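Some structures are shown below for you to check.
Both complexes shown next keep subunit A, but they swap its partner, so subunit B is in the first and subunit C is in the second.
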Partner chain A sequence: MDSKKRSSLGSALLTIGPMSLWTILFFVFPFLYIIFVSFCSRDQFGNIVYSLNLGAYETLTHGVYLQVIWKTLKMAALVTVLVTLIAYPYAYFASRASKKVQSLMIIGIMVPFWINSLLRIYAIMNFTSKYGLINNLLMGMGIIKEPIQILYTTGAVYFGLVYSLVPMMVMPLYSCLEKIDPAVLEAGRDLGCSSAVLFRKVIFPLSIPGIMGGLVLVFVPAMFNFYIADALGGGKTIIIGNLISSQFSTAKNWPFGAALSVAVMILSTIIIIIKNKVEKARTY
Partner chain B sequence: MEKKKANKMIELISVTKKFGEMNAVNHINLTVYEGEFLTFLGPSGCGKTTTLRMIAGFEDPSDGKIFIDGKDCDNVPPNLRDVNTVFQNYALFPHLSIRDNIAFGLKLKKLPKEEIDKKVDKMVKLIKLEEHINKKPSQLSGGQKQRVAIARSLVNEPKVLLLDEPLGALDLKLRKEMQIELKHLQRELGITFVYVTHDQEEALTISDRIVIMNKGNIEQLGTATEIYDTPRTKFAANFIGETNLISGWIMEQDDQRTLINVHNSIMEAFEVEKKYNVRDKVCICVRPENMHFVDYLPDYSEERYNTITAIYDEQIYIGNLRRHILHTPEGEEIKITRYARKDENYNRGDYVKICWSKKRCILVND
Partner chain C sequence: MKKKLGPVSIVYILLFLFILYAPIVLMVVYSFNNSELDMGWSGFTWKWYQELLSANDVKTAAINTLIVSGASTFLSIMLGAFAAIGFHKHDFRGKDLLDSFFYIPTIVPAMLLGVSLLSLYDILHIPLSKITIIISHVTFCMPVCFNNIRVALKGFDRSIEEAAQDLGCNQLQVIGKVLLPNLVPAMLSGGLLAFTFSLEDVLTTFFVAGPKDVTLSMYIFGQMKAGMKPTLNALSTLLIIVTVSLGVIMQLLQNRSVANSK
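Now for the complex of A and B:
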């Protein structure tokens, strides 16, 4: 009996042990450490001084930084809206297309997604640069005389964010739309819906869980992302993401970077809680 | 035969549906009368559901015409047809409450709110789901969901209600109850019901008339009694109820009787309605309750009965009835149904003389 218990404990350790160790070492520990650092301060050389205080959070409440947070939230919101506007029709048509077109459309969105995102951003930099593909093409066709500034503008940052986040919205939406029972749509038609009404009264309400899933997957990364703003915005666009990354690298202010990170984590937790609340209200 | 008002509600004229090379429905002609309960009965893949979907407007016929209440339905989408469908898997709107599910069609018609409420309340009372009105479909049982699906359609007062195996997902007891409920509903409301099922017992229980379909064709159309007593094809004979089929070929036919050679003994049938040529292959179709043991038939006479010898196999009790299974020397199975209190005493392998009335046998093409 006792030995049996011990062996089952052993096998439990064997199976979930490595994973738990991994999670504790590389996820729980850094997480706790960041929270801890956010309550510390730094000396003039950028070294962390382990004395607990709220200095970093005080810095956070300075107008400049609140503005950055506010700007980031607005940007993430706009990106989410744009992504949804692009992803919804795509997912909708994919879910209703023939099996063959369906898998082509999904592969079409997944393959770029599997390519390292930095590589994709470099590709965008390449063809939006001053003498890149787009400018050369436009000049060659005689539409413009001088190369126009595309790279290093806010527009380029938006484009980059929307471009990299569309798959995150398409996938949950597609799986949600695809699960809608065709008989339910037929029932809607049968009871008098035209195509537009069917969409408004049946398809859209049934796709809301997919949108909610996608919202989190798009909004949170849009808020955190730093390399897109750096690479395509030329560092001119300051958002939380690159503000944090600069605190840890060039500015050498780890406590402030950590405090910013904690603030963003709290924000995204709130978003997820809201999303879960909405989803729970719509369970069926 | 048709006692109903002869008002044509649905008319199918040479309706065909092709899926690729295959004719799922093959040039069928059919009239459904106002207020009748008509059932399409057949095995899966016989075209019954496809026919129903064409009437509903979910499928377009490849050929032929469909009229609903005199109106040509060519290119009329489902939302503009005066029919409603009850689906096999209920197809309720999962995001709406029971009340909103039932009110769905009425809201689309932009009826005043008080009128919608009144109609929905009446319908909910009819299906006895008053206390569940604010629940979501996922909180209901299968039988309750099906009632909601029926109410959701009926509340629109369609000219025709189409039901596609609506009870298929329910357990036997509930199914039997719902059959009766459906029949009562239909009688009360006087709406034309077109029903699809593969369950012959269900079809016999609820229908005014039954359409037996097989491989895209109508095998027979008639009341339950007509089809049971005088099946017109071997398929119809086999599909409705149990039957004994004894094959042979036509020897002679005059205007009083038909002679059939069954394994070199001559059988006589007083059926002359269907005309045959000599050597046509036929089956003699005898219901198990019309097949008798010669030993236990007091008024047996060779003039009135066809007699053959069969080999006894076994007996099965089915409540107040007892079924005897035998086989002919040629290997055809024979079933005889008798009241259980009779004390026949045969053993496996006994040679037994059995007979059937020359009046009570039907000939069908083999």
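Now for the complex of A and C:
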């Protein structure tokens, strides 16, 4: 019996061990180390000096950087709202459509998922360029006479973020709306609810877990995605993602980059905790 | 009671899909456009594809991508399958905790994974190379494979294993002759998903790639900053064909693995 137990322990270690070890070595350890680096400082050559201090976090509170953080949060929040508003009707219609239309609509949203997001952003560059489709359409309709500058503006960054993140919101929303029992809606109708009231009092509250699921998938990437800001904003739009990446590449200020990373890590964790709290409160 | 969609909703759906697909379709169409500038259509041509296929830096990037994504996928399937089988065979305290622990690397923003691994390589004095990219990719691809295989195992009928044991198979034979053959669809679909993730990653790779180890994603990222180019349209079109076909295969495999476990 004892030897059987030991061999079972051995086989458990052999099978689960490698993945555990990998995750600890290449995930847990680097994260702990980056937290440690955020409390260090650097010398004039950009090397890390291992003396614990709060210097990097003090830099973080400088006006310029606080402004970048604030602007990023505002941008991510606005993008999340826009994405939700655009994704909601689509997810709702999909959940109410016949089986055939439903599966077509889901495939419609899945295919962009498979296409590299970088390529989709490049496609947006074509789309919004001086002689791209948007300008051509607007000129064709006689709304504008000369092509307008869309690419390399903040508007283009918003468009790119919303465009690439919309599928992330449709999926969780759809799977949430799909589960609503039609009998509940019928009961509401029988009790004299109008469609608007039914939506406000029944459908929307029931879809909140879906929105929360999408929130994490939209808000967090919107803070980090530096290539969207780079490619579509023409380097004029700086978000936290750009700031962190420049600290680790050109500026060579790792402790400051690490402090920024820790700050947004905490932010992301808070969002995930809120999401879990809402999900728990809403399960019945 | 599913209702028919009204005209307003149909217009909305079509407009939504139009905006979602128009930029992609336009890019594909422009990859066959004779004119170098984006000033409208000026005739069909294959020349951007020819130029693309004769460009050495693109070839190198494609080979690098195959090496990096191939190796990451293989390692992810191996590590994930082992762990999933271990989870299937053993019950222990803290199993659920370990389960959620394994998924954290996929939740954490890719960019933070990139900078923290860069710091790790720096402190261990590991020079950036293809291997450092592979390590990073395995870290976030492995949980995907683990998950896929675990789901397939959850639906697996344990009595088949018991029957094999009664017929004289030892543990290893049960795994090799009964479990693994049934897991192939799940391993493949998980592997394809991992391959897609690895192929498209920029936010992690940006930090952990050596200067010579340009993958296709990094190549496109670099070119994009310089503006639009017809050859980039052609490369994008080719990549879209590859990834969408991979996606379709993945979906078919997933359907099959679900059907298998039912």
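Everything below uses one rule, namely that the second predicted complex is superposed on the first by the 266 of 284 C-alpha atoms of A that agree within 3 Å, B and C clash if a C-alpha of one lies under 4 Å from a C-alpha of the other, contacts with A are read in each partner's own complex, and residues count from 1 in each chain.
Rule of thumb we're sticking to: a residue touches a chain if its C-beta (ideal position, glycine included) is under 8 Å from a C-beta of that chain, and two chains touch if they have at least 3 such contacts.
Just so you know, these numbers come straight off a predicted model, no measurement behind them.
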*Which partner, subunit B or subunit C, is in contact with more residues of subunit A?*
C
_If we overlay the two complexes on their shared chain A, which of subunit B and subunit C does A:Y131 touch? Say first, second, both or neither._
second
*Between subunit B (first) and subunit C (second), which, if any, makes contact with A:I272: first, second, both or neither?*
second
*With the two structures laid over each other on chain A, which partner does A:L206 touch: subunit B (first), subunit C (second), both, or neither?*
first
*Check the residue A:E186 against both partner chains and state whether it touches subunit B (first), subunit C (second), both, or neither.*
both
*Based on the superposed arrangement, let me know which partner A:V197 touches: subunit B (first), subunit C (second), both, or neither?*
first
_subunit B/subunit C common contact set on subunit A_ = 186
*Residue numbers on subunit A that touch subunit C, as the complex places them*: 8, 11-12, 14-16, 18-20, 22-23, 26-27, 29-31, 33-34, 37, 86, 89-90, 93, 96-99, 101, 105, 108-127, 129-133, 136, 163, 166-167, 182, 186, 216, 220-221, 223-227, 230-231, 241, 244-245, 248-249, 254, 257-258, 261, 264-265, 268, 272
*What does subunit A use to touch subunit B in their complex?*
181, 183-184, 186-194, 197, 201-202, 205-206, 282-284
_Touching residues (chain side subunit B, partner subunit A) in the complex_ = 56-58, 77-79, 83-85, 87-89, 91-95, 104-105, 108-109, 136-138, 152-153, 156
*Using the touch rule from the top, collect the residues of subunit C that touch subunit A in their complex.*
1-5, 9, 12-13, 16-17, 19-24, 26-27, 30, 37-40, 79-80, 82-83, 85-87, 89-90, 92, 98, 101-102, 104-105, 107-113, 115-120, 123, 135-136, 138-139, 142, 146, 171, 196, 199-200, 202-203, 206-207, 217, 220-221, 224-225, 227-228, 232-233, 236, 239-240, 243-244, 246-247, 251
